[in-house]
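Structure first, then comments.
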Amino acid sequence: MVTPLRDRNELDHKGTENLIEYILSGGIHGLFILGTTGEGPGLSYEIRYELTKFACKRVKGRVPLLVGITDTSFTESLRLVEHAADCGADAVVAAPPYYFTANQQELIGYYQALADKSPLPVFLYNMPSHTKVNFAPETVQTLSEHPNITGFKDSSGDVIYFQKVVALVKQQPDFPVLVGPEEILMQTMLSGGHGGVNGGANMFPKLYVAMYKATKDMDFDRMQVLQKKIMEISSKLYTIGNSPAKYLQGVKCALSVMGICSDTLALPYKAFDAEKRKTVEKALDTLDLEIQ
Amino acid sequence: MVTPLRDRNELDHKGTENLIEYILSGGIHGLFILGTTGEGPGLSYEIRYELTKFACKRVKGRVPLLVGITDTSFTESLRLVEHAADCGADAVVAAPPYYFTANQQELIGYYQALADKSPLPVFLYNMPSHTKVNFAPETVQTLSEHPNITGFKDSSGDVIYFQKVVALVKQQPDFPVLVGPEEILMQTMLSGGHGGVNGGANMFPKLYVAMYKATKDMDFDRMQVLQKKIMEISSKLYTIGNSPAKYLQGVKCALSVMGICSDTLALPYKAFDAEKRKTVEKALDTLDLEIQ
Amino acid sequence: MVTPLRDRNELDHKGTENLIEYILSGGIHGLFILGTTGEGPGLSYEIRYELTKFACKRVKGRVPLLVGITDTSFTESLRLVEHAADCGADAVVAAPPYYFTANQQELIGYYQALADKSPLPVFLYNMPSHTKVNFAPETVQTLSEHPNITGFKDSSGDVIYFQKVVALVKQQPDFPVLVGPEEILMQTMLSGGHGGVNGGANMFPKLYVAMYKATKDMDFDRMQVLQKKIMEISSKLYTIGNSPAKYLQGVKCALSVMGICSDTLALPYKAFDAEKRKTVEKALDTLDLEIQ
Amino acid sequence: MVTPLRDRNELDHKGTENLIEYILSGGIHGLFILGTTGEGPGLSYEIRYELTKFACKRVKGRVPLLVGITDTSFTESLRLVEHAADCGADAVVAAPPYYFTANQQELIGYYQALADKSPLPVFLYNMPSHTKVNFAPETVQTLSEHPNITGFKDSSGDVIYFQKVVALVKQQPDFPVLVGPEEILMQTMLSGGHGGVNGGANMFPKLYVAMYKATKDMDFDRMQVLQKKIMEISSKLYTIGNSPAKYLQGVKCALSVMGICSDTLALPYKAFDAEKRKTVEKALDTLDLEIQ
């Protein structure tokens, strides 16, 4: 879930409420706040704590709520875990520390320390483009044996890597391996993956839920139809301008055009200007997103 | 300056006091806390605030004190600036946000917003290996025109790049360009640089001050002698083990062997084990660091 | 196809004959020589010319024969095209020049010049790990309009990228988009791809042909069974030792163990030593490669 | 030395003659043909052989002539060595194979095999931006012990790395360590380097010879003056347009404007268009290159 902001350091409460209800109405199976799409590491702790509390209260257990606690400081991550537990969240999600990079042995030590102390189950989050480090598949395997480490989200975009991880952790029952980039939700599920944590579901939750079901049902015709829609969203909404944040700008702008929440971004980024917003409006008009 | 820690989230007060006095006794011209060598982004805010206050109190204006405020959250950076100003620090140092990367235009916007609001002068800090982004020389030039942006520290290790920056900002009076890696202190000063912010000065402050003076005095014979010592430190102390933190582990271990402060590191890193500590002890014995 | 070598600069004629017959007996639909797996750029021109002639003669049109002409010299590439045409090859395959890297505009100019002068149809070959450059999807689209450019092989391993290319070239009839890494043959075919050029088919041609058919037939149960075998080959045979060539060493060693051809590699690589060969033998024993 | 071309696959004989005489008149101490600036790997073998013969004949032993033999095929490299020896060249220069990358052990094996068979002394050439691999300093040390490996050219641009290599090979008498990028000729010589192989010397040979002498003489005032000129050439002539070859385009265009030789480049590159040529003309007018 994106983090709706009224100002760079102020939560958009009404927008957040709208967005939560909108996403839940799409039939999704869980909600992940304060991830990369949620601009977690770009927000002040005040906002991170506030959103955690707010989201827990609104979701009220209708679906599992996962809270991103990725930080460069272990202590701050742990503090946010405790807050999330107090608020009633279901699990936390942590990418590796990302200023100082850890080698694989250090990654294992880091996550074991975190999981030992965390009152909530910990999801591993692979995001090498942002953290400069990849979990080796063997590292995921080792960590999957910890009783408080309960899943893996992979945003590397690498389907070969994804399969290697799946092969190594499949002996762990109830250890879901989920994919980040929605463009390969279908392909990774067909490769043994258990689902997706897809940013596009902020805008079109039914679409990704439909793809999840079609893939579970092995309904290839439907998969082809849905994949075409997913790729069109990617090529039309995530490619505007030249900011490294163009994907995120596209999602937030679309949500604003759709009347759901504000399009403000945390620094160092800015919302789309009027011209780029027009491009988003046009894209939304031409996208055929009807899901039967 | 490294951050002496008694435990992963506890400052080593006695060690910090020792270290400050030791470094200052070496004749250095300024002190930089909470940088990369200071493990800034790996520490809790509690520790960062505490160390800022503690160091300001101990240094008491004997040399300028610069505080690292690098963070992925603009708001948290700004909050730390305000604390540093309250404590009496002289300036702050900020590397770019490092989870989400900014393009050059976004970097300019980010630093202008920071400098506009900062009660203290802002130093730019280039650290591409950790932040995934390089300041374009033209970006440094643009930012150097802001009245509250007052210098540039470059830890890229790229002497060609360094010279390009120097050429573009030399029309700004009083805009020092300093180098991070001590192995090229001499070469960058001969290329128009104004000095160094060198981690080795935690252990051997006199050596780097001596090199600074020798280079200012164009005393080539002395420069050769000192450079040999600097490279020996680099090759003997910063190459032990295979952690990405081996440089930092080496510095902290040496300080511990020298009886100055604890060698504890913040997660995801660990202090050297007994065997590696022996290697450090041997290296310290064989290094000829006498400075006449 | 790998290039069987008796010595570093001597073709293994008997082995080459064996290998061609063995691969063809597996039902493959085309043969690609002098690619990356064929060590093309590592071989002398003498060997490249000789193998081209030899393979054309042995294959005798039973399947299309594609010849790799990747080179850093345009003139040498063109000369090899002409030789391939004289020998009766069906098409040539060219990765971008890889010492000097071209930008997208230069790539377009390069391939248009090549295709204009080539007596044989030209396949584009994306191999960024070796050439340091990716074809932008738009570049593939532009080049696909050239009448003598007739297909695209993608060895980037990036399924998101693959889909973007497929979407842009699908209006070109008869412009196959093929995948290099066999681990994602199934996934890319389900994403609109037309097949694979897979190194594992040197050892187990029937397996990859079976996967191709299963995917065309949307026989999902069979796909799962075959994908498991494909991933086992990858994890057991392509991960031995620490050479950047371990994949290639694994394939050639397995072919030698199977009695098909020599395992000699061109410099800078070497064949597996006795211990690693044992690992290959064991892997071949335990792999269940029976294809019904 | 750049390779003057009349057409993409035709040597500019008159231009080559002019260029050799012009460079030699500048007082340089050796001539290196078919390197990166010489577009070696982009030229056909015909041209490489022809230029080698032509240059040997013209230089006639007035200065040592070094021939670049960098190739992805060991056999072709060796064949060019033999040709160079027949023509009377003094040494050969080889960057690592650059399609398939070698690990350090394979690099050692590769160069030992080359040096064992080469009738001419072999210079190592580090060019990681083009070859994707760095010689580890320890690898240079090991190879420096081979009697037929006689020097090292480093074009990494990394002065810290350069010093590590210098420290490890200094016990080898007569093993020069030279730098590629002219922007750091002074700094690397002050760090123990023995000179430069600088592309700018095609246009302004006296300038780089003067810097070499000033640095040998520790004439710091002159070094400052010359370094300013060197950086101006770099910032004005090597930054035009957006091709990865802009440095090379700038050098060849300047030589053409100066009436020395043609500005044609081998594919995938093109000579500057009229507008960019004007920029070069203006730059040449405003550069103050008078060397007293």
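We call the chains A, B, C and D, going by the order they appear; numbering starts again at 1 in every chain.
Everything below uses one rule, namely that a contact is a pair of C-beta atoms (placed from the backbone, for glycine too) under 8 Å apart; a residue touches a chain by one contact, two chains touch by 3 or more.
Fair warning: this is a prediction, and the values are worked out from it, not measured in the lab.
**Q** If you take the chains that touch chain A and keep only those that also touch chain B, what is left?
**A** For chain A paired with chain B, there are no chains in contact with each.
**Q** More than half overlap in residue numbers between the two sides of the chain B-chain D interface, or less? Answer same or different.
**A** same
**Q** By CA centroid distance, what chain is farthest from chain B?
**A** C
**Q** Determine the centre-to-centre distance between chain C and chain D, using the mean Cα coordinates as centres, and give it in whole Å.
**A** From the centre of chain C to the centre of chain D is 35 Å.
**Q** Counting only Cα atoms for the centres, state how far chain A is from chain D in Å.
**A** Using C-alpha averages as centres, the distance is 49 Å.
**Q** Which chain C residues sit where two or more other chains touch them?
**A** Expected reply: no residues.
**Q** Which of the chains touch, listed as pairs?
**A** A-B, A-C, B-D, C-D
**Q** Within their complex, state which residues of chain A touch chain B.
**A** Interface residues on the chain A side: 8-9, 36, 39, 41-47, 70, 72-76, 79, 96-103, 106-107, 109-110, 113, 130-132, 242-245, 266-270.
**Q** So in the complex, which bits of chain A are touching chain C?
**A** Contacts found on chain A: 157-160, 163-164, 167, 181, 183-184, 186-187, 190-191, 218, 220, 223, 227, 231, 234-235.
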